[in-house]
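You will see subunit A twice below: alongside subunit B first, and alongside subunit C after that.
Up next is the complex of A and B:
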């Protein structure tokens, strides 16, 4: 309500973040895990004086350098661009609290990138010992970037004592900091192993290919065995209300959106199990028969686990952007009672300017929709309001919206899943009028309502 | 309407450090971003032109200089992107209410910056691995194609700069925001009606050619011992390019000054003490840079070139300071000084100590590189960096 809202038709703003984030997660985890892989593999090459392995690493490191420095870095900045467009209040809150942490992370980025370039360009130009040192330094710096950003990512789901103290360290070293860190390191190692399988499967020398494929399989199996144990620890640390929505959602609510959370959990568990069996019976027991195509299939499985798990983590945080502090629509939890009495359109800078400036000719119902619904819904695309409203007439929409104002979970089944509606009665009615009007069910008595919602009329 | 009613509020959370420190980091961060960014922008166009002009003779200085520049571009792009984090972070912190709003108003072109840089960045690698290292430069057609690719890449970067100029000027004009949003809420706006936009953009674009010239000169210094003739060519040609671009900057600079809102130019001409002093200093540095490079131009004098290089860097720093002042003067509705400060001493000290450690590490790394590249390659298939 403090900022204008970027209207993204059909897809919705959150998916803009989602698409960029998924790509970034695959690449950044590869960057960190790959650093560990390169360092370990180079150590083996050094100990065994294995020139084959050295040559393989040289080839792999070019692919690695280009992917991580170009796509990794750019999509990372892309997440930042997208969150500030879709969730400016949330982004500003994170920035105002953690600027210096980000600044510190930047220092490690510089060290990481500089090391990556020197590492890549000095193959055969420095002693083998120095080169191995560079590989290890790269690994350390890339892990350090994770050590820092993990504090901010986990903060959003479990801000812990920060809610009261507003002390950065309380928010940073929050309850899921350590389990989150370990899970991520496992995922990173797994993705690195899978990328390495892809490049290993293309080694021309059959003997050495077999050796490398087996090496990667050995790298992968323990990771997937450890995964479930750490995940259990992680789930124990997150707000239990959020955990409940995973499981109760599937039983009590017929709406697909909530049960998806449980489905995602099961899917990620099934996929992980598949990968362990796959890795054991495939590349480990039968490394000779391992081909490039199987490696790609393997990779798809691995990225699907990562994707579903990350998506689940995002869903767990609903309806908040910072748990118990700020809702996904940018309204702070503490502001809700005040808004409900004073009126939403009198509070925020942009919401009130849009609703109260005659030149904007905005429909107040649509303004409330933009600010309070559009952070998760679209008119006729993703989580379509037209579909959700269905055949409801204006009166039943009013009833539904009144339920969304209830703080008691008994009376409001959406409590803990959707933010409470922060609006006074008049605003609620105009929102209902707008929403019912989407399917042509608005009462004729109210002012004419636009159906587009793509621009303010 | 009163613009102040439309400028969003800061979050009700304190700043992590005093505003003067955050502003210093913003200015220094932008300086460290502007240097590699200019090398990429001007250097991209320059390498395309040099390679094209040397297309018939791969032994020509033009071709070799273009190749050296093109081969080094990914490194500079990487640093331009990484150094961009700092000013982006601090501009969001200090001027977020204006910056987030203008970004949302032009959300689509703004986010496309990411994709344009991504594509241009890959193109810089394509030129290296598909052309230079893949035998594709054996014939003139391959050479021409590679220079075209570099040109397309550079146009991408130039477009990114233009979009940045749009956002950086739009954030200063809250009076435009509401009507712009009412006109289009899908983030499809640009700030094309802004009188400052074109001269400001041109001012920065022309500057990038001056910096690209300086970069070529640095390459010349680097290989002075190995190939004196080629070194001389690069220093002289680089200096000439710097001089040409800087002379062109005189009318562009005047146009930019004239395009500023009423009273702003006067503040740099005596109206504001600090503003005038810094602006004056930038003019003095520029004069020194012009004289020194003009001398380097005639006989490839390395010392003179270094003086010009340093003076030019100082000119850029002074102008970046003036650019920041202009933002402060125009953004009267966003006052970072009104936000309470709760200095995060523990984190601040960690940051400063880490920054010092990073500098020490980078020095060590550079020494390692210099040593590595001075020695002959140990294996025939090793990669080579930039200037050779």
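Up next is the complex of A and C:
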């Protein structure tokens, strides 16, 4: 509410973040897991003096370098670009709370990139011992980027003691920090193993191909088996309300009234089970028959598991961007009562300035919609407001919005799923006028809002 | 450990004596699968089979709660969707599975057509496969009415009205299926019995025959592979090599089904009102859409013949040619072979174009 807002029609801003993020997650996890795979495989090649394996690693690392440095860096910047446009208040809050952590993250990222280039361009130019050292160094730097970013990502769902202390270390070492770290390490190792299967399936020598495919299967199966165990630990650490949301979803899903969260969980479970079977019946039992096409399909399956699980984790945090602290629309939980009495358009710095422009004065409801609803809804695309409003007239939209202000879950079934409406009565009516007007059901002209402080700071 | 092995050997011996496992294993190992750039199409039959297995299991489970009675049919589906634990899941698996199965059978049919897998001695494999597709579509048509919602009622009504126009037996068959002149309780009863008893029995027999032919004649080889010198031809054993890959493909196929079920569970429309107006823009299921669209394009009268009748006759001839033309293409004449291929391409393009047109219009 203190920054300009970016309108993304049909798709909605969160999906822009989601699409870029999911690509980045695949690549960044691959970069870290792949680093470990390269270091361990090179260690084996060095110990066994296996030139075949050395040659394989040279080829394997070329595509690895291109993907991780080019696409990884581009999508990483893309995330910053999109989150600062779609969720500027949330982004500002994360930067202010974890300034040192972000600086360290950047440092390790630069070190990781530099080592990756040195690693690739020094094949056959430095001694095998030095090259192995470079591989290990790359592994350490890439893991360090994970160690740091994991603290910030897990903080958003489980800020822990930070809520009271506002000490960055309390937020960083939050309750899901360690299970989150291990899960991510497993995902990274899994993606690296699946990618290695893709490159292994193209090895021309059939004996060495069989050896490498089975090597990858042995790398993957323990990871796939450990995944559900660590996930259980992770689920035990997340807020009870979020757990409740999952279980309510599961209980009602039996009867068809399932939440998207429950469906995401089922999908994640089914796909996770699937990849274990796939790894067993495919590369482990039949390494000779494991072709490039199957490896690609396997990779798609594995990435689907990662994507679905990340989607579920994001859904768990709803309606917050930082759990129990800041809602997805950038309004802090503690600010809601104040905004409800003083008025949203008198509080937000940019929102108030925007509402005071001649274009918005006639229909300030749209400004309230953009700041409070658009972080999850679009007018006529994803989670379409037109569809959700349906046949409701202005009066029934007012009733619905009043319900959204209720704090009692008995009176407000959307409590804990949607942020409360932070607006005074006039703003609520003007929002209702705008929303009902989307389907041509608005009455007369928009209610007039009198602004208090209008200065832009 | 040794004891375990002995126990295992004893068990194997017991099974061997009674079921001649080694003979079965020998049969499976003897079968070989050619490896070439079109080998991926060999998986289609297996995928169709796994989807069929899903249909059988979920169909049996749905029968426990479904009531084939005009007053209760819609309510029983609603109950399955909203009151029976995971009823929505089973029903969605059944509905999505049916669509996927038909799609895969269509792919299987066209892949065998273009790979010329119908040539001697596999003519009956081809014909039985063609009949299996017809059976699958009959499953789809009869199953579509059972939820007794608005769309299913009117789509079935239109489908039967069109079928009645078929010369000679069309009217009799439509009356037999309807159990009278209008869709009623008799129709639900008949469609239910056909769906859960008649068609499955036909399917079992036909599928058994189809699989027997496949086993007898082995996997077909496309010309490009057949004409290779012997040292350049590579094969893999059906068991265990191809079979293990088959398992992977089944897992993937089931994944596709699960994703669809989770992300887009099958719903149900309002209860059918035989005296109400048909919903605007009603369309049949996608696998009947090309025929439906074709009939829409035919003018009401073509000379002295009624347009719909003319359209049905034309589609009948086209379908008959699709079934028979392959039997004439036995590989001796290049021109017939090319004609068969061209005809298949025309049929495939026409079916896709008409379906897309039908869906968009």
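Basically, the second predicted complex is superposed on the first by the 427 of 457 C-alpha atoms of A that agree within 3 Å, B and C clash if a C-alpha of one lies under 4 Å from a C-alpha of the other, contacts with A are read in each partner's own complex, and residues count from 1 in each chain.
In the analysis below, contacts are C-beta pairs under 8 Å (C-beta built on N, C-alpha and C of every residue); 3 or more make two chains touch, one makes a residue touch a chain.
Please read these numbers as outputs of a predicted model, since none were measured by experiment.
Chemist: Taking subunit A as the common reference, can subunit B and subunit C both be placed on it without clashing, or not? Answer clash or fit.
Modeler: Aligned on subunit A, subunit B and subunit C fit with no clash.
Chemist: Should A:293 be classified as contacting the first partner (subunit B), the second (subunit C), both, or neither?
Modeler: It touches subunit C, and subunit B stays clear.
Chemist: Output check: A:9 vs subunit B and subunit C. Expected answer is one of first, second, both, neither. What do you get?
Modeler: first
Chemist: See if subunit A has more residues touched by subunit B or by subunit C, and give me that chain.
Modeler: B
Chemist: Looking at the overlay, what does A:211 touch: subunit B (first), subunit C (second), both, or neither?
Modeler: A:211 sits against neither subunit B nor subunit C.
Chemist: Mind working out whether A:178 is in touch with subunit B, subunit C, both or neither, as first, second, both or neither?
Modeler: A:178: touches no partner chain.
Chemist: After the fit on chain A, how big is the angle at subunit A between subunit B and subunit C, using C-alpha centres and going to the nearest 10 degrees?
Modeler: It is 120 degrees after superposition, to the nearest 10.
Chemist: Could you look at A:301 and tell me whether it touches subunit B, subunit C, both or neither (first, second, both, neither)?
Modeler: After superposing on A, A:301 lies in contact with subunit C but is clear of subunit B.
Chemist: Examine A:263 and indicate which partner it touches, taking first as subunit B and second as subunit C; both and neither are also allowed.
Modeler: second
Chemist: Could you state the shortest Cα distance, in Å, between subunit B and subunit C after the structures are superposed?
Modeler: The answer is 27 Å, the least C-alpha separation in the overlay.
Chemist: Which parts of subunit A are in contact with subunit B and also with subunit C?
Modeler: none
Chemist: Residue numbers of subunit A touching subunit C in their complex, please.
Modeler: For this pair, the touching residues of subunit A are 254-258, 263-264, 266-267, 270-271, 274, 277-278, 281-282, 285-286, 288-289, 291, 293-294, 297-298, 301, 304.
Chemist: In the complex formed with subunit A, which residues of subunit C make contact?
Modeler: Residues of subunit C touching subunit A: 40, 81-88, 236, 240-242, 244-245, 247-248, 251-252, 254-255, 258-259, 262-263, 265.
Chemist: Could you list, by residue number, the parts of subunit A that touch subunit B in their complex?
Modeler: 2-9, 16, 20, 58, 62, 66, 69-71, 73-75, 77-78, 80-82, 84-85, 88-89, 91-93, 95-104, 106-111, 113-115, 117-118, 120-126, 130, 166, 168-169, 349-350, 353-354, 357, 359-362, 454-456
Chemist: Residue numbers of subunit B touching subunit A in their complex, please.
Modeler: 1, 5-11, 13-17, 22, 25, 74-75, 78-79, 81-86, 88-90, 92-93, 96, 100-101, 103-105, 107, 110-111, 113-114, 117-118, 121-122, 125, 129, 177-179, 181-187, 339, 342, 344, 346-348, 350-351, 354-355, 358, 361-362, 365, 368-369, 371-373, 375, 377-379, 381-385
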